[in-house]
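Look at the two complexes coming up: chain A is in both, with chain B in one and chain C in the other.
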Partner chain A sequence: MRVSFEVNGHEVTADNVWPGESLLYVLRERLGLPGSKNACEQGECGSCTVYLDGVTVCSCLVAAGQAQGRAVRTVEGLAESGDLAERRLSPVQEAFVEAGAVQCGFCTPGLLVQTDDLIERTVGQGGGVPDEAEIREHLAGNLCRCTGYEKIIDAVRLAAERTAAQRDGGGPA
Partner chain B sequence: MDFLSPSTWEEALAAKSAHPDAVPIMGGTDVMVELNFGRRRPPALLDLTRIPQLRDHGPDDGYLRLGAGVPYTTIIERLRDRSPALAQAARAVASPQIRNRGSVGGNLGGASPAGDAHPPLLAVDALVELASVRGVRRVAAREFYHGPRRTARRDDELISAVLLPEPAGPQSFSKIGTRNAMVIAVASFSLALDAQARTVGTGIGSAGPTPLRAIEAEKFLASEFDWDGAASPSPATVTRFGELVASAARPIDDVRGSAHYRRHALSVMARRAVSWAVTDYRKEIARCA
Partner chain C sequence: MNPFDYRRAEDAAGAVATVAADPRAMFLGGGTNLVDHLKLGIVDPDLLVDVTRLLPDGVEPLPDGGVRIGAGMRNSDLAADPLIRRRYPVLSQALLSGASGQLRNAATTGGNLLQRTRCVYFQDVTMACNKRRPGSGCSAFGGYTRYHAILGASEHCIATHPSDMAVALSALDATVVVQGTDGERRVAMTELHRLPGDAPERDTVLRHGDLITAVELPDLPFAARSRYRKVRDRASYAFALVSVAAAVDLSDGVIREARIALGGVAHKPWRATRAEAELRGARPTEETLRAAAEAELAEARPVEGNEFKPTLARNTLVATLRDLVEEERTR
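This part shows the complex of A and B:
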């Protein structure tokens, strides 16, 4: 079957999609977007987290046909758009780099998307910087087997603080 | 494999009637796992995500009518006051990403005895609404579960909604697992008191071939509970309630826990649920005074 939807602002079409295929498979194997990672294929690890119509989901658990006509945003879509050479990392991505929240990197794309969602739902909605319990709860479905999570939590807090400062102060932090 | 994607409820019912072996898929959090691992190759998937009314919720003649596809996240964020036990169970489901997709209809369709939504539905005496081209019928949740993954739903029927009675007393849900998230229950328990009817409802999860009620425990607590003043029940009463809940379970030993542990966990959760109910009941009395 043919499936057409929007990915990171662009209309895309995939052909010869098997009806039982996951959105994750279509993104990685048919559309050349390997940022979303394939690990557990059962929603346990969060490595394949993407936005589907503005809500974060495990793309391994979305049937490709369910994405027809919907809008998907992947980790590739977090960075500010523009020419590749001029592309800037998003505040969340910058914070992960600075805090050293990346080791092997396999869980990172899912964590970036889920963290982006947390910041949007808290600071982005006029709320405060999420505390550690909120951060841990929001990231409870994203497994990392390297870091022990401490630096990931540092990175989330850093990204949230900077986003809040930018919101309140008007300029880049 | 076919992918059926109706955009109206009437089309969905017609599709299910024409393809009774099509597997309905909403959030996909169970169905896609089976497909990804090659455990299931149904002749067709019946996608229900394009049917708007499955996501509706609102009052319905003394009930909260919850569309079968309302995601757990919505139940937690918007329906906490109108379905306290179910909202607590929704909060215990998996992770935010899964709660954004998973729904009570999916839990009922899959009918895993470990599903988190089942114990509250039993405890509050909810109704399950089933629809087909032949018509609509409502089945009590207490009559819905027939065996492991077997239910009262007929092959040509789809689950359209659940109906939850307006809360009339304290409700709770608790769950035992190895961590605070992403856990399939080792055992779970829900308690609901109805202060008007002076009845007690219970639901046991993950400790039998189907979700279960502890009927003897319900009758015992209803007769022992101080419905006028919520005086603390005696330790012997609380212990006895825990024993009656544990003895209603029909658990097995499996990878998640032993039958013995499950019964023990149920007796502990049941005792705690009573103390929470007493506290909440007193708050309600104080608020009304």
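This part shows the complex of A and C:
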């Protein structure tokens, strides 16, 4: 079957898609977007997290046909677009690098998308910087087997604080 | 995974007719359980009929004071709905205690009700399981039974229903609206799921091709102070060892009505009618609450490996009721 949808602002079409394929498979194997990771493929680890119509989902559990006509945003869509040389990491991505929140990196794309969502839903809606309990609950569906999560929490807090500072007129912190 | 077809349904009647006519066709909702089962080989359909775009996905007030929840409404949207949070907080709390943010964003109300057990032997196609392959035996006895039933089980199956939402809906006396080939009918939430008996392969009373289109909640003013308490092996993103959904109508120091359901203990959300009967008309002393919990768990039959659950269920029930009574007194 043919599946057409929007990915990171661009209309895409995949042909000869088998109904048993997941959205994750279509993104990675047919559309050349391998940022979303296929770790557990059971919806337990969150490594495949993408935005689907503005909310985060496990793309491994979305049947390919269900993406028809919808808008997907992947980890590749978080960085500011532009020529490759001019491309800038998003504040969340920068914070993960600076805080040392990345070890093997396999869970990182999912964590970045889910963190982006948390910051959008809190600081982005005029709210405060989420506390540790809120951060942990929002990221409960993203498993990391390397870090022990401490540096990830630091990174999320750092990204949220910077986004709040920028929002409140201080410019980039 | 064997090949199958995928079709997006245009209307409920057409979807019902299509699935009813094909024993190997299945409805597809949010996919969080079914897509997983396709990969694990637990189900083997020849056709998936996607109903997510035709089902209602909002909450609307009903003329009789109740509310109707569309079966296509996402768990996260239902949990965040202002009307639900204000009038039926137990439902919102139950939803938020289940799964992860990503899964709640995809899972639908109807699909949540029809999700299958998380019994590890049901999910492992190399193991005997009467629910997955009738007559093959039950591998859970003598196995890993931490999440298994202590009430209403049978020698054929000790699996539990995993939904938190369904426990709250049972306590709230919800009604499930079902579209079948003969038209629409209504099923009490407490009657939707079955006890296993000698046919554990049947989770519910629905017939093949029946489509859940909505869930209705009655007008229940005292549910505005209701609670869901869930005990699990980690602080988040785990199924219930035991959970309690409860609402108590307390006036002049006497319990007029109580609505209680337990999760994690049976093949269906376990409506605690014995505890409710003990509480009706009684003063909410520690002894009364304890007696109600004792009455409900009197028939509990743990198996090797989950002997802790009757005590855990009693204590969780008492703690939930105590919190509700305290909340009533101090408001």
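Everything below uses one rule, namely that the second predicted complex is superposed on the first by the 172 of 173 C-alpha atoms of A that agree within 3 Å, B and C clash if a C-alpha of one lies under 4 Å from a C-alpha of the other, contacts with A are read in each partner's own complex, and residues count from 1 in each chain.
The working rule: a contact is a pair of C-beta atoms (placed from the backbone, for glycine too) under 8 Å apart; a residue touches a chain by one contact, two chains touch by 3 or more.
Predicted model, so just to flag it, every value in this text is computed and none were measured.
Colleague: Name the contact category of A:22: first (chain B only), second (chain C only), both, or neither.
Modeller: Touch status of A:22: both partners.
Colleague: In the overlaid three-chain picture, which partner chain does A:77 touch, first (chain B) or second (chain C), both, or neither?
Modeller: Neither: A:77 stays clear of chain B and chain C.
Colleague: Looking at the overlay, does A:130 come into contact with chain B only (first), chain C only (second), both, or neither?
Modeller: Touch status of A:130: no partner.
Colleague: First (chain B), second (chain C), both or neither: which does A:109 touch?
Modeller: Touch status of A:109: no partner.
Colleague: Should A:41 be classified as contacting the first partner (chain B), the second (chain C), both, or neither?
Modeller: Both partners, chain B and chain C.
Colleague: Give me the intersection of chain A's contacts with chain B and its contacts with chain C, in residue numbers.
Modeller: Of chain A, residues 1, 18-20, 22, 41-43, 46, 49, 55-58, 60-63, 65-66, 68, 114, 117, 137-138, 140-142 contact chain B in one complex and chain C in the other.
Colleague: Across the complex, what residues on chain A touch chain B?
Modeller: The touching residues are 1, 18-20, 22, 41-44, 46, 49, 55-58, 60-63, 65-66, 68, 114, 117, 137-138, 140-142.
Colleague: Which bits of chain A are touching chain C when the two form their complex?
Modeller: Checking each residue of chain A against chain C gives 1, 18-20, 22, 41-43, 46, 49, 52, 55-58, 60-66, 68, 114, 117, 136-138, 140-142.
Colleague: What residues of chain B sit close enough to touch chain A in their complex?
Modeller: Going by the criterion above, the answer is residues 1-3, 5, 25, 27-29, 31-33, 35-37, 41, 44-45, 47, 49, 73, 94-98, 100-101, 180-182.
Colleague: Hey, which residues of chain C end up touching chain A in the complex?
Modeller: Checking each residue of chain C against chain A gives 1, 3-6, 8, 28, 31-32, 35-36, 38-40, 48, 50, 52, 74, 76, 99-103, 105-106, 235-237.
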